[in-house]
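Pasting the structures here.
One chain, chain A, appears in both complexes that follow, with chain B as partner in the first and chain C in the second.
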Partner chain A sequence: MLKKIVFAALVSSSLPSTATTLWESDDTLRNVNLIGFAHIDVAQFDSLPEQQNTQIDDGFQEARVALHLSSRLSSRITTFIEAELTVTEDNTSDSLERWVVKYDIDNNSQISAGRYHAPVGYWNQYYHHGRWLQISKDRPVQSDFGLGFVPAHYVGVMYERKIRTESLTIDLDIGLGQGREADLIIPDFSSPVTVKGKEAFVAQINVTPNKNRKLNYGGSTWVGDLKSSDGSTFEEQVFTAHFRYSGITGDFLAEASAVKHDSQDARGNTSNYGAYLQYSHRLSVMEGRLRPYVRLDYLDIDEDDYVFAGLQSQDRQTLGIRYDVTDNSAIKFEIRHDDLKDDDLSIESIHGQFSAFF
Partner chain B sequence: MQYFKVLLVFFLLCSASTGFAQTDANADNKRSLVVIVNPTVQQDSISTEDLRLLLLGDIRFWKGGGLVTLLIQAPVSWERDTVLGEVMKMSEPQYRQFWISKVFRTEAASGPKVVLSNEMAGILVSRIPGAIAFVDDAEVPPDAKVLKVDNILPGEEGYPLVFK
Partner chain C sequence: MIINIGGIKNSLIAAFYLMLSSLSFASHAEFRPDLLPWSNDEGEQVLTDSIAGDVRIVSLFYTDCPNTCNLTIEKFKQLEKVFQNRGISANFILMSLDPKNDTPAALNAYRIERGLVSKNWYFLTSTEPQVATVAKQLGYQFTRLDDHVFHRMKIFIIDSQGNIVDVVKMSTDVERLSILSEKK
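What follows is the complex of A and B.
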């Protein structure tokens, strides 16, 4: 009998599942699990904005591995770590993206502390650095980590609550901490000015109708203080709204956001807006592995916004196709048209990506 | 003539019994999913809605407070197909992506444990505190603790987890 149990446990831990269990205690209450995402990007541009020549070029763009370790420390305490290694033509970087320690109060509520991706907007909260998880090759413009339009990171505490009514399931996240860890760099000066976040409050709500669980809608808000390295201070307010229909064949996601900066020292008050619409359709041919998609991105930056002086208004149209090579790997191709308003420049480009989950 | 009547009655009885046998065979085409749990689980019954939430990882603790350990059959088994298709209304890729995404979003430390057979499910359920598994009614381990679903035991009229 003992041999049977050991065999069963060994076979169980080696079967394909959602995470690889690296270690587990005899009573299964404690464990260490690993999942990882990797992708390689290539692209070809017809023209490039001058100030970005050092960042983007034709050919190889980047290779990135995101490792996600999760561990149950006891029946109620879990910890999660996401670390990332990125290789570009000019640079190799590593970063600790997330580290969260979470306590399960009961089935409907959790409290946690650590470094998070800020729960501002649907994309930030649901895809993180898992390119294989998302249908499209890249994140939307408004949610681009490198751009910093909406806050990317956040250090603090978070309370998560699931509220179930007869007709709705409501997920509520409320957090308090410090935001925008040098997410923004203002380049238009002889020495770059960096903007750092101070105290921040964040709340996100996501609603799922019980009778149609393919629908999600909700929004988030972020209120924080910013201080630039030249001494200016701002209050930042971010509001987002999202709507998603996720069917077996069709998948629609729309999100809009507004970012307001109120200067505390006569630099004025400004408002900036971003939005995107994305639709993908799983074709019935090739065992449903082909998914064409289209996305429209919009970003409107106030010319007088000091904090966003490094950003510019932009429109992007993307037409792409995703092919799931295996159950855990995909190839994506995209054709893009970008209009950069300040540079008065239109860019046509093609992009490719191989992404995998392991 | 008497012989003829006896033969006729015999023939009719045979036909009727064959008919009954066919009816029983039709009934046998339906199989029940039986919910078995570790004996330390204090609950005796679970609702179909709570079963769905448990499969989604939204119920992590039993009513007595113990941690839930979910065991699910490997792909291409009747039990898994039925749990995913009939109870959760999800396709295999959707279910897999759902759990990967859930772990990645830090909502769960790991996904369900995969088992290869009803026998293996029975062994692990008996040994892992708080474990739960779904097995074919024809292969329920003899000493397993079986949960009622909506207060109905498998085999009783109205049991909700009966499928073809």
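What follows is the complex of A and C.
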């Protein structure tokens, strides 16, 4: 199946491109752009689940600084690096989140190689540069990097193409790489089992009508092979679809995803679903700096899914407000209600965040 | 007394370079963005020099901007009120940071959606090199990352001679601009 998809991708990439001229100003050669993102999170919970993948507690949650460095190495080659430093109550960690080298084929198409945020789902693709950019404090449940419902990172090659027709602008990403990193842990009584991807194909399409750039819709797919440390193998298929309307004051985003695991042994086939709806509204008072928002998250995990044995079905309702303190910093305040289905537990919590870019 | 001729010569050269560099600095404080004609939101060719008035209010923006540009537009509206109240003729010029997506049609849709239909508001687009040159001229910093253009709010008040007389940031009180005290 992977071979067929790769063949289709190669055929697509060989389609003629319309643009020819490239920006080849000497001013752009060897320049280095550095931009940083930072956020600090606090939260208070009324109760906590007994079993959880990540240790959470009241008060300070994390502080993170991400540095994005981009440089034009030649008129056609650019490189981009994202390095992160995260501090939690118990731990300090650093990571090379992304490192991509990109070659401009022409103004509308590039080929690149490196480590990416997997282009699976709209949130992963549009909001992956930092918390300041997104309206809400955190990612939706289905796109939460820590949870691993949809693949978070991806190492491989990518072909990106912008297709402009009279009525539509279509962004197309097609990639082939090593698949999921070891970001899934299956709890076990003796020792945890980890799941790692072997290879994966990913494709995403985003469509924007030229006469109404407020609209955006599209979807993505991910097909990969998984192998657990206890020897089980699975084929994983991920499908996502999204719709966004981004007006002057109102901003609506809906996204849904399905993750299927087909066991190559006797562990059966399972399907899992995630979705969220988010609406924010820019108030006309205070120079438009205030934006209340609401989000409904839904996650349905098949009880028989071996790969997702560490996850559980949950619903989350979030009510929040964002205030742009300056043009590069924001404060967000949220109240949340979580229903964790397996634990039969409801959690009320309040959250705060300061985020900025510099 | 020993006169160091070489020292005097070097001092004169240094003074000459200082004078040159000050001239060069003065040219950076001017607004001369017309390397090529710009396209307005109706697809017409426009030279910013041909946009007259006592002052020109200029900034860079892009129509897909999720945060900062909305705040910039709000500041432009405040400036429009201030200049109207003082009887100063002002033209408002917004130049796109994202020429690939900000076609004249996209600019026109943006203008109409926001009700910014006054004839003294200009929405202009060009080529990436021309935008980069203007940004450099104005000392306006921006960085592209994928579909985003990261930038701060910076609005330039240009007098009829093309000189930058004020720079408005988010925290600027628009009632206290120096050009307003000059025009009293």
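In this section, the second predicted complex is superposed on the first by the 325 of 358 C-alpha atoms of A that agree within 3 Å, B and C clash if a C-alpha of one lies under 4 Å from a C-alpha of the other, contacts with A are read in each partner's own complex, and residues count from 1 in each chain.
Keep this in mind: contacts are C-beta pairs under 8 Å (C-beta built on N, C-alpha and C of every residue); 3 or more make two chains touch, one makes a residue touch a chain.
No experiment lies behind these values; they were computed from the predicted model shown.
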item: Touched partner set for A:Asn31, first chain B, second chain C, both or neither; value: first
item: Partner chain in contact with A:Arg295 - chain B first, chain C second, else both or neither; value: neither
item: Which of chain B and chain C A:Leu133 touches, first, second, both or neither; value: both
item: Partner chain(s) touched by A:Ser71 [first = chain B, second = chain C, both, neither]; value: first
item: Which superposed partner A:Arg98 touches (first chain B, second chain C, both, neither); value: first
item: Chain B versus chain C as contact partner of A:Asp327, first or second or both or neither; value: both
item: Touched partner set for A:Glu287, first chain B, second chain C, both or neither; value: second
item: Which superposed partner A:Arg180 touches (first chain B, second chain C, both, neither); value: neither
item: Touched partner set for A:Arg316, first chain B, second chain C, both or neither; value: neither
item: Set intersection of chain A contacts, chain C complex versus chain B complex; value: 27-28, 33, 35, 68, 70, 80, 107, 126, 133, 162, 213, 248, 327, 357
item: Residues on chain B engaged by chain A in the complex (per definition of touch); value: 58-61, 66-67, 69, 71, 74, 89, 91, 93-94, 96-97, 99-106, 108-116, 120, 123-124, 127-129, 131
item: Contact set on chain A toward chain B in their complex; value: 4-5, 8-9, 11-13, 15-19, 21, 27-29, 31, 33, 35, 68, 70-72, 75, 78, 80, 98, 100, 102, 104, 106-107, 112, 125-126, 128, 130, 133, 162, 213, 248, 327, 357
item: Complex contacts: residues of chain A adjacent to chain C; value: 23, 25, 27-28, 33, 35, 68, 70, 80, 107, 126, 129, 132-133, 162, 169, 171, 210-214, 246-248, 251, 282, 287-289, 324, 326-328, 357
item: Touch list for chain C against partner chain A, complex; value: 63-64, 66-68, 70-71, 74-75, 100-101, 103, 105-106, 109-110, 113-114, 128-129, 132, 136, 143, 145-148, 150, 152-153, 169-171
